[in-house]
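Before I ask anything, here is the structure I am working with.
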């Protein structure tokens, strides 16, 4: 186990005038044993950053450290990391056992030790009965666990996960999420987990790195990210349905953007007059899609509350305790 | 437009002793212009029923009527229906225009009429700019709209949809859902929509058919299905996280099952003593996974409420107003 | 075997099949049956006197030491051709797959021999290695290598093997390249993280994953070496010297067409046919097995 | 295998290029020698070793074979006639095979009818009947049909193709059921569906097969040798093979090589120009 | 006017001679309009014969087929398939006297009653070509070619010793020259029943010291490149033309190519012989090919008449002399031979009389009238194989001949069986 540091990390693909910069100076310190989730929209550079840690991509600028050691230019094999890939990348011609043992055997561990470690990992992951199977004979969830097993047996300093759950169906995903949580609690290995799924990010992270266009917009606990998004981007990205961001609503200062989550809108006879555009019942609650002047907003109410009719005008106001204010130009949080 | 009727509809695959019956006598009347959603777990026979309406599967027993006409044995092309498939089934080598026009041209409509209809449909679906593209040059959402367009231009009596949104990502899905709703409002064509996504079912349906193992368990409005599930199956199937179903909790009569939704559990010092197993933060709310004796239950609380610690014992009770009772043997609702 | 959704129609499928079936029956099935019949007959070249001899032709073939010589020769030849066409093709494919730029140009160049007829490939190699005027033989002679494929059976064998393998490399190369490119890059990355060196990755990941391709090419290569090399041998050595390059298929041709011993030739054909059927079945079983892999 | 760190990247790229250059050299050398020989006089070639740089007879040699033929007007027709014959044969075989097999594959995949499996096996078994087994009886059949020495006799027997049928069948099986159903709902019958949907969707496979079968047709050897007695129907591959090492005349290697270059150019061009499809088709067809 | 009847003729010749033969077809077509002869090249003799067999079985053989000497034995047995050429002429009512043809050809292609089975056309015999430049270099007299084997061995040795050429001597058509011609040259019996001409029961008698001696000589010479083997048919001619080998035994028909491509001065001489053999040298034997007429169920008399007319045209003095002069083959008829002599052709073209001297005017003996065995093409290859094996040092010359005789006789017996 080790800490993981990013110092002004930069990545450019290609050279000369045709080069594209995809990571623009990321700075972050991850503590020993922390579970960090990296989120952000597609193409924002999550995988790139992860692969730079793994050594699968060169580091164009800056420095990445694992523990005390700067790893720039060091081969993947020598970085003492393990990685779980989105498609698991299991060796299809090897049994589950051999898949897990591969890395150990290459490192020439005694066969007894290999066997002991693999079996221990298999037990933790409830794979013991499957050790002789081929990956093709496993279900998606089982493959996922083998991929984790392969990472675990190595007892590396850092775990890297690149959207390891995205090939699973919703149910299995929820379940595996819990398993990963448990595993981290047991092993305590520093982990960097990439996803673009909010629920995954919120539930798994000790701290989250929210990425946008190759920059880190916020690096904080999930609570903090949800409660005090550092920027308009983070505010709009986290939360489903997302935070309402209003520029022209009554009372909003010019040059600022008011943010209010759908669940933080209250009925108020004195409030903003909004027209009901559509209503969606989601079991326990209802989403009201409202129109306020030029702007759309969404309000969330319990399903048992009476719902207004379509086209009706309703009056609402934001709950002051939960108002967010952003600078309209820089997009940064003001208060 | 027309009504759609099922009378004791039965479907068997194969013959003789090897035959499997997959639809066990479905009876239902769908009114002219209604939007019906069929939900149910995988393999329950949703697609089969839909395809029997389309004429893509033979009807083993019973009768299906479209308008006044019994359609058993009539060719698909002659039933005056249109269908949107899960993978869209667009002709990959034809332009968007030709895809939409194909069915009309086969029916030898004059080319001017074809053009007029396609252009009108394209306008409704905001596809006008894309008419010359090939399906491969479209995004998932656009393809979906082309598939709808192909159905619309035919001005059929009945629309059939087989999980048309399941290939879209979450965001696009939500958006397309709203579009379909709007479209139905505009055209008012009788529609039968298959999905296994609850949110889709809840938000789209005027009435829902909840299917289970080839039988229709409930046929009612979404509100009714959510508020008064007709059976244990429906209760457990609809709602996310699903209703807690308790057999052994204090106060539950033998031979009955008590149902209570996670949002209808209240703190109560006098209540059931439960141990906190795990907690998930989902932005606006938290899910507490609790253990009550042998049984697991889930409770939903607002995120701003203080969360108990893991392993702590909490005391809760169901909100009496929202208790459901089922017969443990038949699975049918009692009250 | 068949798709779920079909068209109901009574006569149309027969109409659609008619041309293919007609050609097959008239030009394949019927003549083949006749050929099998000939294997049980003894006849003079002109077909003026025909008599049934039962299994006599087979007996004669199977007790003729020359036939076994040819079997052994065929094994040597096919193994050599197959291996010589596989190994360089694999090396080339690995090299091409490793390229970041310029793969297309090499691929184009390397696949040209595929387009060349075996008979013409034979002519090309014969020309280069012709003991009297060939540039390569001249080079060999100058280098002190006694090269005379018209006399030395080994030299002749080497020559037909080289010519046959040369033509087949293109085919193998394309398949290996396709195979390599279908190996997910993430597997190799995973192996790299697991600490495997490039050679190790090749040996423990790439090569095993290519084994379906390799096996397939092995079978195809054997069939090629058994049958399609006829043109090469015919043009280059005509089976000589001293039958040193007379492989089974050439023997069929020689005994039937040159020596006009139709019964024996037909019997040998039938034996060869059994061999092809065997190889085809092996290949099909294997194709089934391969489905498991992905 | 992509190199993972940039340090060794350069070295391995160099090595890869080297390996490929050696491969290209081995591939190209026989072709180069053939080209050089086609630009020399026969005397220059006969004086071993022949020069390894092109001579100045190229124009004369190619002109001679193209216009007068290899061994004079009576022995072989002008090479352009043979090229034309080869082209016609290759085209008819390739297109014929494609038409015949695409139809039968469609029948086997999209219909269910009595005898379906029998038909399939009848076609499939042709894979297992090497030419050598049936060349003589086939010849007899062709004669009985009065097709000897005709273009039809040359091409028809080669038109049945199990390989192409299998490839099309394979591809048809991957067409999504929904496509068929959508077409049914749109009102398309089997022929309409074939023409409007299946055929356009199969064009890549068709293009690929065209390349493979064109090469196959062009390279035919034993069959044309037997079936054609009229030299004006001779194909170029047979023409060349006939010209070497016969009787008392020494082979005119310069002319043979000029003809060889001409003979391998068309199929090589087809393969190179349609490379993208060819590779796909080749790899797919064998799966 | 009726369309001319087509007469198919298949030939096995390429190069200038094939070209010329086809032209004769055109000439004939121009001379009349009742028939149209189509001359086509169908591949080498064995392939052509296979094609003809297939065509015959399919009921559609060519009218006339040119078949090399070695194929004669098989053709003779194909009773129903061919019609003796004498009979063709008889049916067409055209005068045809076998005695018009040169004696060796008559002996080779004739029936016991004197009728001819096939019409001799391209007649050749084996001769020795030698490179005068190389002879000069080696200090040999370029105008005195070796006449006997010892002389040839000696010359080859000198050539190697002085490195005048990388190889002393090579040969084309190994069996034809070193077995068939060789036995005739020394009047040695090749097989019983009059060298097989007496019927199917004949056996080979080739395992004898004479044949061993020849093979042994080649084996010895091969070791130091005084001899270098160059393949079974005529490929070795290239070794001579390129200057690699200074001497070549080859068919007289090979003259054209040598004259065209060799860059040195060359001479022609008769095939060498062993002077210690009693009566040697005897005449060499015939080579080349003759023309066979096929029968077929649907052939009309009209067609056979056309065949006869064309054959008659081919044997005319005009055609024969042109043919012989242009190609190096010998005139097949006595009158054409005489015409050439009268014209002074042989004086004007020194060396061109060499084949005539050895074939027509050489001493006749009991065994110099040619031979006729079934499956001879194959038997020749057996000889090739066994000698090649000896040349590779894998067996002795004696063993080679023992094997050859045994395997050859096995083939003869198989032939005998299939013909009954």
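First chain written, first letter: the chains are A, B, C, D and E, and each begins at residue 1.
Note that a contact is a pair of C-beta atoms (placed from the backbone, for glycine too) under 8 Å apart; a residue touches a chain by one contact, two chains touch by 3 or more.
All of these numbers come straight from a predicted model, not from anything done at the bench.
Of all chains in the assembly, those touching chain B and also chain C are A, D.
Of the two chain pairs examined here, D-E and B-D, it is D-E that is joined by more C-beta pairs in contact. Rounded to a whole number, the gap between the C-alpha centres of chain B and chain E is 92 angstrom.
Chain D and chain E have Cα centroids lying 39 Å from one another.
A straight line joining the Cα centres of chain B and chain D is 55 Å long.
Chain C and chain E have Cα centroids lying 38 Å from one another.
Shown for chain B are the residues in touch with two or more other chains, namely 56.
Taken residue by residue, chain E touches two or more other chains at 47, 57, 235, 238, 241-242, 244, whereas all remaining positions touch fewer. Each of residues 4, 46, 48, 136, 140, 142, 181, 241 in chain D touches at least two other chains.
Put simply, chain B touches chain D in their complex at residues 51, 54-56, 75-77, 81-83, 85-94, 102-103, 106-107, 150. The residues of chain C lying in touch with chain D in their complex are 2-7, 9-10, 12-14, 16-17, 19-21, 23-32, 34-36, 38, 88, 91-92, 94-100, 102, 106-121, 123-128, 132-135, 137-139, 166, 169-171, 173-175, 178, 180, 185, 188-189, 192, 198, 201-202, 206, 216, 220, 227, 230-231, 234-235, 249, 252-253, 256, 262, 266, 269-270, 272-273, 276-277, 280, 287. Chain E makes touch with chain C in their complex at residues 46-47, 49-50, 53, 56-57, 74, 77-81, 166, 222, 228-232, 235-236, 238-239, 241-242, 244, 375, 377-378, 381, 384-386, 388-389, 391-392, 414, 417-420.
If you check the complex, the residues on chain C that touch chain A are 184, 186-187, 189-196, 200, 204-205, 208-209, 211, 292-294. Across the complex, chain D meets chain E through its residues 42-43, 46-48, 71-76, 136, 139-140, 142-144, 148, 225-226, 229-231, 241-243, 245-252.
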